[in-house]
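Shared between the two complexes below is chain A, which pairs with chain B and chain C, respectively.
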Partner chain A sequence: MKTQSKTAFLFLLPAFAFLIVFVVWPVLYSINLSFYDWNGITASRHFAGLGNWRSLLADEIFWRALRNNVAIVILSIAIQLPIAMGLAVLIHRGGRALKIFKVVYYFPMLMSTVAVGVLFKAVYDLQFGAINPMLEAIGLQQLALDWLGDARYSLYSVIAVICWQFIPFYMILFLARLVSIPSELREAAAIDGATGSQYFWRIELPLMRGIVGTAITLSLIGSLKYFDLIWVMTEGGPSHASELMATYMYKQAFSSFRMGYGSAIATAMFTIVMITALAAMAVGQRRRAEA
Partner chain B sequence: MRRTILMLLAVAWLLAAGLPYYFMVQSGFKTQFELLSSPFWALPKEWTLQNYRTVLAGTFLHSLFNSLLVVSISVLLILITASMAAYAFSRIQFRFSRPLFAIVVAGLVIPVHVTLIPVYLLTTKLGIYDTLWALIGPYVAFNLPISVFVLTEFMREIPRELEEAAKMDGAGPIGIFLRVILPLSGPGLATVGIYNAVALWNEFVFAYVLTSSPARRTLPLAIWDYQGQYSANIPLIMSVLSLSALPLILIYIVAQERVTGGMMAGAIKG
Partner chain C sequence: MRTTHYCLALLLAGTLAGCGSTSPGSAERKAMTLWHHQTAGEGPHLIQQAVDRFKASHPNVDVEVVPINNDAYKTKIKVAVGAGNAPCIFPSWGGGTLLEYVKANQVVDLTSYMSKDNYRARFLDAAYTPITFDGKVYGVPIENTTLAVIFYNKAIFQKYKLSEPETYDDLLQTVRTLKQNGVAPFALANKPKWPGSMFFMYLVDRLAGPETFAKAAAHEGTSFEDPVFIEAGRRLQELVRAGAFQEGFNGLDFDPGGTRALMYSGKAAMELMGTWQLSTIKSENPTFYQNSLGFFPFPAIKEGKGNPRDIVGTVGDNFYVISSTCKSPDEAFALMQYMIDDTSVELRAKAGRVPPVKGFKTADPVLQQILQLVEQAPSVQLWYDQYLPPSVAEAHKDTSQALFALSMTPEQAAKTLEQAARENK
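Coming up: the complex of A and B.
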């Protein structure tokens, strides 16, 4: 047993060296730093106690960022998953006719988020973009909005792009599960006279509860951590309209050089994500126990 | 009725997924004047390669090389360290096995941003700020959890008998790992490798914070720099985007199932 433990630790050592230096230590350091005022440059930092945390709780912008994160969570799940499910069923049943479609279907997943952001900034562009000229061409000028520049729409304009980018991901996830359902079930249901939609609602969908749960969890946690696309497309603006916890943290730490306050935001974000993840895990486990 | 709705959805998504690419590729061949003077959906009247020439004459290829270098070193390190850890978790019984595995699982959800300030400070202190080396540590560490997780699941499925046979022949744990487990883990390693390669190829935040000069930029940051520098020249930016999307699209067309399967590694446990 003793030599076995020793071998195990030797095998774990390289991985844990990376994890400790670049994940565990930084998390602890951030928590610690959230109790200081510091610009990241001077040698001395000033202990602030709960100062940063008090400011955070009273910070209008932080709460707005959190609300925006929650909006992304809800809209991502509500828009992406049903569409992805519809497309997965379609591909699964469509057979050969949809083969050519399928190649194009995954395209959004293949571009880096930065590229997607830059591309859609151009697509939304008022003059040279694709959307407004098209709306004007079909006589809907009044719908030609300032998609990213207007505080009322900017968050939703980016959410539309997030959906565009992630629908293929969930589509493949659902498709993989659909393919694994034995075809005998389909035949038996057909003999019993079940229609295509009855088969989906009564047989396929219940069998996919597990994978839908996984998809919801992934989307939930991913949305709370979201950064890249918002940063590229709006930098959280205009006037914080599309601010997220991560973009706000970045600005405080690396633009305003308020490392302590940035760390407080990061720690708050960390806590929210961990609690959400634990809750999602608990729900998942309870459901599995019931099943 | 239902059928029509589904077919409409099929065509709608085809257009939604394809049209932005169409816009991107053909605009890249337009002159700036033509983009302003004709509608975006019209193909270029005169196809120009000028945008591509400008981009290729700049630092683009250098960034491509940077990305290739950082991604291959990181993926290699991830595969080595993750497979070793997965071997310990799946084949050896030892104390603290569960709490240590719990740390790995927690690593699956930790937001990158909570480590950004400390990693930035550490990088400057080590004097590797604005070098490609700065990226490798965080890249490996943040992709280890998923990799260890997937490989542990994979190695659990390898029959014990094979291990026993090697033990009879006098092989120690290192021998078993190198000669039995690793060769049988090929598909698992491929999945993890593809997943990490795609994720790191597209990584933005760490590269944004830990590098600054054009010579050290990876591909996503090169795109970022171009759009800052040429924000008014949409055709040029579209040619940068087309070029940067090309490698992954080509690989995808050659090995569709492999790539999509690999990208799903993050969700493998259903």
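Coming up: the complex of A and C.
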């Protein structure tokens, strides 16, 4: 027994060391930095105490960013999961013949996020894109909005693309769980006169509680940390309409030369995600204990 | 110690090309990295030919050239400098950002290099303003002499019987005519925010001349809440409400050529942009360059006190500087000299650029016109986002974009900018 745990310890050590050096240490350092005023390039920085934190609490742009992140959380879960579930169920029921759908639907997930961003920027383009010229051609000019340039729509236009890219991920997740449900259950239900819809709502879905819980947690954390597509498509604009905590942090730290303040934003983000993740996991634990 | 402190920055910066080390054994091999953002048209070639000729005469020096897209470059270089990993040679627009690097001892003082053999007399005097601090020179003017002018499509103007507007009221009339005929008067790609700010800068200068901005930036005698800035903001929003810009302008990206596509396709008639774009258009669409492209200076505002010959731009747009972490500054300076030597000057002129050297003569009538505008300008206003310290520059870009979006009033924008300027004092 003793040699086994010693071997295990040695095998686990390198990854642990890596994480300590490249993740834990920078996080702690950032938390420390949030108490300083620093432009990121001079050797000297001066202690600012809670100055950055007071500014953060009063910073309208940060709170807007947080609200945008929450919007992504809500819309992602509300849109991505049901659609992914629907697709998974359909593909599962369709059997081998529908395998091609599974493959093709997965493509968005395989594409580089930057490529997706550039692609959809072109799609959303008002003069040369795919949407507006078509809407204008069929006489629906009123619907030809300024998707990325209008502060009212930019965030939601990007959320649409986020959904497009991540639905396949959840679809595969749900599909994997569906496949593991024994087919005898289906047969037994059919014998008892259950329709396909009743089978889904009363048998499959309850059995999928665990994976749905996982999906919600993943989506929650991912949405709070989100950066990629917003950065590529709108850079948080116009005028901070689609600003996220991560994009705001990046801009403050690296474009405005305010490393201390950027670190405060980063620390706030880390804390928010940490608390949310722990809460989600706690809820998940309790649910499983009850089940 | 410093490098470990930047773990986070290093992770984000990804591929950083730092100065290499000499390899043992061989005859003193040196290595340098050169970053640039001349990624369009003839740009990469202009740099590469100088590097090749330099390498021919300095066979023991390895030079790695890294081209990076303009907007990406602005962030990447700051991260690299902050991490102590800056390339040997990199371009800077001078002004506030360069001053930050100087204060942090991150760039080499080039005064002695420039005085050797009176090399500094090679360049236009006005070129030294954005790169001289405390009497010391920190860069070499290499890229264009550039100013912002209004490019226009001669064919479209002819079609609607328009002529080059001489006053701002004429310009508004031109805008109205074009709008009535279904042509977007101005192509504008304002997602990166700086293209739109050119309108703001010209409006301020035409209304009051360059002193108001200079005083506001120095916190002497006036502030960014000066009525001039508010009036400029008001006129800007008047332009937006008149529909002077194509739809979706605040979401359009500049670097991939969004506005050029609008100009080439005839969907927009004009664009207020730096004359460096001439070079890009010349190589991208020579037919358009030859047959349809014209330009005129930003018109005068009759009620304004500014001299209508003032220009917004820079002499020596893109000065190259040497990082203080560079292990071979002498060779780096020699390479920079190749980038603006007589051969390079000739090639740059052919590519449609106006090198910032004294006595530059050109047969190209377009370049000749630019040269004249620069030589006759009583004052050259450096772009605000390069002049101001970085966090104030960001606030300026943000408020400018907000004015375009009509999401802030001119008074709110002025107040926000002044607040940012005060916080940065």
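Assume the second predicted complex is superposed on the first by the 278 of 291 C-alpha atoms of A that agree within 3 Å, B and C clash if a C-alpha of one lies under 4 Å from a C-alpha of the other, contacts with A are read in each partner's own complex, and residues count from 1 in each chain.
Note that in this section a residue touches a chain if its C-beta (ideal position, glycine included) is under 8 Å from a C-beta of that chain, and two chains touch if they have at least 3 such contacts.
Please read these numbers as outputs of a predicted model, since none were measured by experiment.
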*Where does A:Thr234 make contact in the superposed view: on chain B (first), on chain C (second), on both, or on neither?*
second
*Comparing chain C with chain B, which touches more residues belonging to chain A?*
B
_Touched partner set for A:Ala289, first chain B, second chain C, both or neither_ = neither
_Which of chain B and chain C A:Asn39 touches, first, second, both or neither_ = second
_After the superposition on A, what does A:Phe128 contact: first (chain B), second (chain C), both or neither?_
both
*In the superposed arrangement, which partner chain does A:Gly149 touch: chain B (first), chain C (second), both, or neither?*
second
*Mind working out whether A:Phe254 is in touch with chain B, chain C, both or neither, as first, second, both or neither?*
both
*Does chain B (first) or chain C (second) touch A:Leu110, or do both, or does neither?*
first
*asked:* On the A-aligned overlay, A:Ser30 touches which partner chain: chain B = first, chain C = second, or both, or neither?
replied: both
*asked:* Going by the contact rule set out at the top, does A:Phe22 touch chain B (first), chain C (second), both, or neither?
replied: both
_Just to be sure I follow: which residues of chain A are touched by chain B in one complex and then by chain C in the other one?_
21-22, 25-26, 29-30, 40, 121, 125, 127-128, 254, 259
*Can you name the residues of chain A that touch chain B in the complex?*
1, 4-5, 7-9, 11-12, 14-16, 18-19, 21-27, 29-30, 33, 40, 83, 86-87, 89-90, 94, 98, 101, 103-115, 118-123, 125, 127-130, 133-134, 137, 164, 167-169, 172-173, 176-177, 196-197, 210-211, 214-215, 218, 221, 224-225, 227-228, 231-232, 245-246, 249-250, 253-254, 259, 262-263, 266-267, 269-270, 273-274, 277
*Flag every residue of chain A that touches chain C in the complex, lowest number first.*
21-22, 25-26, 29-30, 39-43, 121, 124-128, 146-151, 154, 234-235, 237-240, 251, 254-259
*Considering the complex alone, what residue numbers of chain C touch chain A?*
2, 5, 7-9, 11-12, 74-75, 78-79, 81-82, 100-101, 103-104, 106, 190-193, 246-253, 258, 261-262, 265, 267, 389-391, 394, 398, 401-402, 404-405, 407-408
*Which residues of chain B touch chain A in their complex?*
2, 6, 9-10, 13-14, 16-21, 23-24, 27, 35-36, 39-41, 80-82, 84-85, 87-89, 92-95, 97, 100, 103-104, 106-107, 109-122, 137-138, 140-142, 144-145, 148, 173, 177, 201-202, 204-205, 209, 219-221, 223-224, 227, 234, 237-238, 241, 244-245, 248-249, 252-253, 256, 260, 263-264, 266-267, 269-270
